[in-house]
């Protein structure tokens, strides 16, 4: 895109800046507009679950402008800060939370190669950045100079640090199967019928997904794991002292993270932008040589991906309004005594399964069968990124560990 | 499958299983389940598997024509088959030695037709599993000597042991939790309170089974001796199981010490054999020496060599040992010379000495058997040994350990000369009578059985002593079954009544029917109940065989006729005291209502083994020939325990022989006792004696036509004699124990006054020297050391200032040191060349 | 005007952030502020790692260091953050001493860093994009795929990877886990009043 | 020398590392709060890590003379071990706090000579 802009913008560096800005604005819109929609959705969903209608008036049908109205109200509210508060930290905290949540989108692909920055270690990066969100919460809790806030922050800290362990372990399972931490590569590998999705790869990935989802719910601080803002015990937890816009930024961060972990789940387990049926292929939109067609195909893929993310978020809402909140000890027990061992066992099982049955549950599975052999994918997939650095790189990127192992093995044979 | 290959492996497995169980329980016993309850299951499992293996092994010898013990070369000499018409008496030679070069069919003209219809006496399997060491000609090995007797004993021991293990699992359940021993009073007046020892019991049982099986399978006298002593120590442990009871620990000591006396004689006997013959092994061993196969003759072949047609001839080694003087004087021990020496049986001649050497060996070995099998005069320990738990009595003191003595006599039978056999017979005869009479008056239910055991062992010794090898061994087997049954029944009764005193029982039949009727079966079996000439319980056959043998011996040696009469009298008494026991315990009216009300049938795990054993007590003596009217022998051939024992009859012992020292002593062939003239008489006598004893008991203790009290009063002095067990304990006490104690006290006095005084004086001197040493040490050496220490201390104090304990200061030190180090290094580098 | 070197630009950006916040850590006496600045300094360092082509290490830095270790540290801060401990003033003498010693060390290190000419300018090898994660993984498992074409046999022998350190570190982590749980376990109350702290 | 237009070299990274290192050392030497000392240690480790990564980076030094992957590997180990060290140090600090009701390292001088 930057190259494209360079042709029109006089100072060449401006092209980069504009391109970066465009990316950032697009992404921030996903977060901001997403939050608007999700808050409305949450109200509707919770209303339905509690056998009422939810908002109905604002904006005509279904009350779809309710959130906007709320936002306006929040902006006009007075910005309060407690007397004993640590001013700098109190002001920084919401932004830290929001930045952490937002930075995760940098590496999240919305369709094939539609990604802010394609990273080798995208999975890792997203998990790391989302983990930083906790800083905002902790600092908010401390800076508020309130007991409730501090308690909420402490709970959050304990909970998030603990849940990162099983979460990371679960995320490693698809990475292991794909042989890459690049989310685009992982998404490409699940191309085709829905049987290629990693969640159906073997029984262990299926289990892993549920553990992942539980831990993700906990790590984004959603009910039934929302100990940090347990209103029945801590007034409002870490954001007791916040009001107005700062408060709404915390909310945006929360919905942003929900969307991000759902997106990660969608790519790691549910094929990302690939639909259950290879419709884009049937329609001839998978042809990457034609920019218009591939753009259309990717657009359909993006819709696909969005749908999966929204489904994930809705699922979290459903869980929130169904299950009662856990006690803090139950939260820790769930993490350390159940999630971690199950994740570890699934990891081991998936490793063994991949070793003995590399093709997955439903054979034959040509897609990664080829990757396992260490050959370049040129059948179903053209080289993934035509505009990438070089063909060699693509080769190396998709080759994964299998290739390297065979290389090393060959080397050793040669030496003997 | 070649039996010679398979049998040693099978039996070794069955033999080692209890050892494995023992080892396991020793190390993990207390941790096996609650209070070691799994230990019982481990031990039981081990012996059960051992039993199954033994029974499987039995199939190799069960079929009389299975050729189990024949060497592969046997086919070439099929002439020895039992249906061979030419009963020329060379069966033994052929069957037992397949060596074609050596087989000398022309020899052995004198045969005996009686043997011809029997199964062949076939060669035992002998060999070594493992050589422990070799010292010149002396090879100490773990070897085996397997014939049908071995396999039969294995099956019997393991089978009975299995039943007893099951039974003990129920009987010992008190030991699973803390036990209050009401028979032990502590100094503070309380009863002893101690933790249960369930696992320890089974640990000893396992070790005992292992040792007993070791004796049975042993292939040389060294092994026999080792396991003989192991059995002794196990019996010591088990008798003294309730070690806190004074009576139990005394009984254990008594058993052990009395056995020691016998074992001393045994060592003499074994050394006499080894010293003169130079080998430990029983059978001929073939092994490779320098690439050649060498067959070393074993004890039995040396004593009854093939060249002598398996007659007992003083072997060369003994003659050489006897002729030590002549050889020292320069005589060359050539073959002719040895033959010449051997022939001289006149007094003070070499042959005479050599023969005496053989007698000494035999008597020595028998001495050990006297101790272990509780024969007169060493029988005193067995009744006292009833202090152990009843399963121990059943296993150790009825069926197996005391049987070891009899078994050993049977094993060494080929070595015994007629004079020794006579001693054995007389000892057995005395024992059976003594013990039987004591049993009449005993009121302790286990003691009655103990004396009964002693008496029955006497029967076996008598049988062996009068030349009835098969009869004695047969009685050994049948007795094992019914005596263990009787003991376990008595245990069941004791378990229910918590007393041993028969006078407090009575009428228990209604309360514990299973125990009562299985015990009745046992009593009938030991009495020898049966219908003459047709069928009977197991004891019927074995006792008939013994009586017939004694009768045929009486026919050859009229002067020793008393042996037969005493045996017959013993049979009367046996029947009497057994039914006295049964009637007192189970019949009539209860004499102690408190005990009667609390009595109950034992748990299933205890009376199921009783039923199994009862079945065997009834039927173990049967062979297919007893059912010839049914045609069974056509179907299965002739087999039964007797036929199996016939297979194992030591080579050459069927020949009629006579004594050398006592020239009038004549031993008929054992088969002669099957002649009708002896057989019918014996059977009638046996029936008559048994019935009369039974009727007498019936009259006195059930119908009470005769009053026991009156009889007692009438025979006052005899009653006193019997109730005091012929005053044996008192005599031994006065003769041996008191003088020993006296001597011991004198020695202690000497030790205390003379030796201690000397040592005290020495100690005083040492103290003086030490005092001097101390002064030097304190002022000179300590001074030096203190000086060093104070120097170090001073330096330490000086350096202490640097340790401020402040973390931040340490960081400063590190940084400053680093910077200055860099600085110094760069200075040196810059200033250097 | 020369073209802006983006690498240099971002390096400068992150370097200033890292150094600035490091110094802020030293300057501030409020322990919570210290933790916050440290977070930012370490985050900026991870940016430096990304710049230097060490993607995986950068992500590790974010995930483990910033997301784990520092959260733990802040946790500790919160647990002990009673009034007097939030800002503990150091005596001026200590500060001066520290500054002096630190300055000396800084001078030494800067001198060492800038004295080698070869380090001053970059001579980048032809751009080779690397999947560092799998290479690192293989190296941890004992196979150095980046040195497969090492010609010198002596050098090649040294390229045996990091399997043993990896295992040692794994065991070490386990030990640490258990050890710290043990150290921080709740204590039984002492009988007879609180421990004398004087 | 215009930093914005010239390519940066290893030295630049080393300078950043040195500053962080010294900041950490000064932090360790001056902070009285045990957790402050701990943060100093983290800074020191990070300064070292910057150096390692810089030496191992193919963007800064040719692969032939650079230490290649080793730099990154050592940095990895440092990060992991720093996490372990932090856990233990925190446990020790909390223990110290439990027993002495303070986190002042100057008070922890019971072992002084």
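Each chain gets a letter, A, B, C and D, in the order it is written, and its residues are counted from 1.
To be clear about the criterion, a contact is a pair of C-beta atoms (placed from the backbone, for glycine too) under 8 Å apart; a residue touches a chain by one contact, two chains touch by 3 or more.
Just so it is clear, the model here is predicted, and its values are computed rather than measured.
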Centroid-based (C-alpha) most distant chain relative to chain C: B
Between A-C and C-D, the pair joined by more C-beta contacts: C-D
Euclidean distance of C-alpha centroids - chain A vs chain B, Å: 82
Chain centre separation in whole Å, for chain D relative to chain C (CA means): 5
Euclidean distance of C-alpha centroids - chain A vs chain C, Å: 27
Chain A and chain D, separation of their C-alpha mean positions in angstrom: 31
Contacts with 2+ other chains: residues of chain D: 25, 29-32
Per-residue overlap in chain A, given as positions that touch at least 2 other chains: none
Chain C residues counted as touching two or more neighbouring chains: 3-4, 56, 60, 68, 70, 72, 75, 79, 94, 97-98, 101-102, 105, 130, 132, 135
Graph class of chain-chain contacts, one of line, ring, star, complete, other: other
Partner chain B, residues of chain D touching it in the complex: 25, 28-32, 37, 105-106, 108-113
Residues of chain C defined as touching chain A within the complex: 3-4, 6, 30, 32-33, 36, 39, 43, 55-56, 58-60, 62-63, 66-68, 70-72, 74-75, 78-79, 81, 127, 129-135, 137-138, 143, 145, 148
Residues on chain B engaged by chain D in the complex (per definition of touch): 799-808, 811-812, 815
Chain A residues within the chain C interface of the complex: 12-13, 16, 86, 88-89, 92, 119-121, 124-125, 127-129, 131-132, 134-135, 138-139, 142-143, 150, 153-154, 157-158, 160-161, 164, 168, 179-181, 389-390, 393, 396-397, 400-401, 404-405, 407-408, 411
Residue ranges of chain B in contact with chain C within the complex: 808, 812, 815-816, 818-819, 822-823
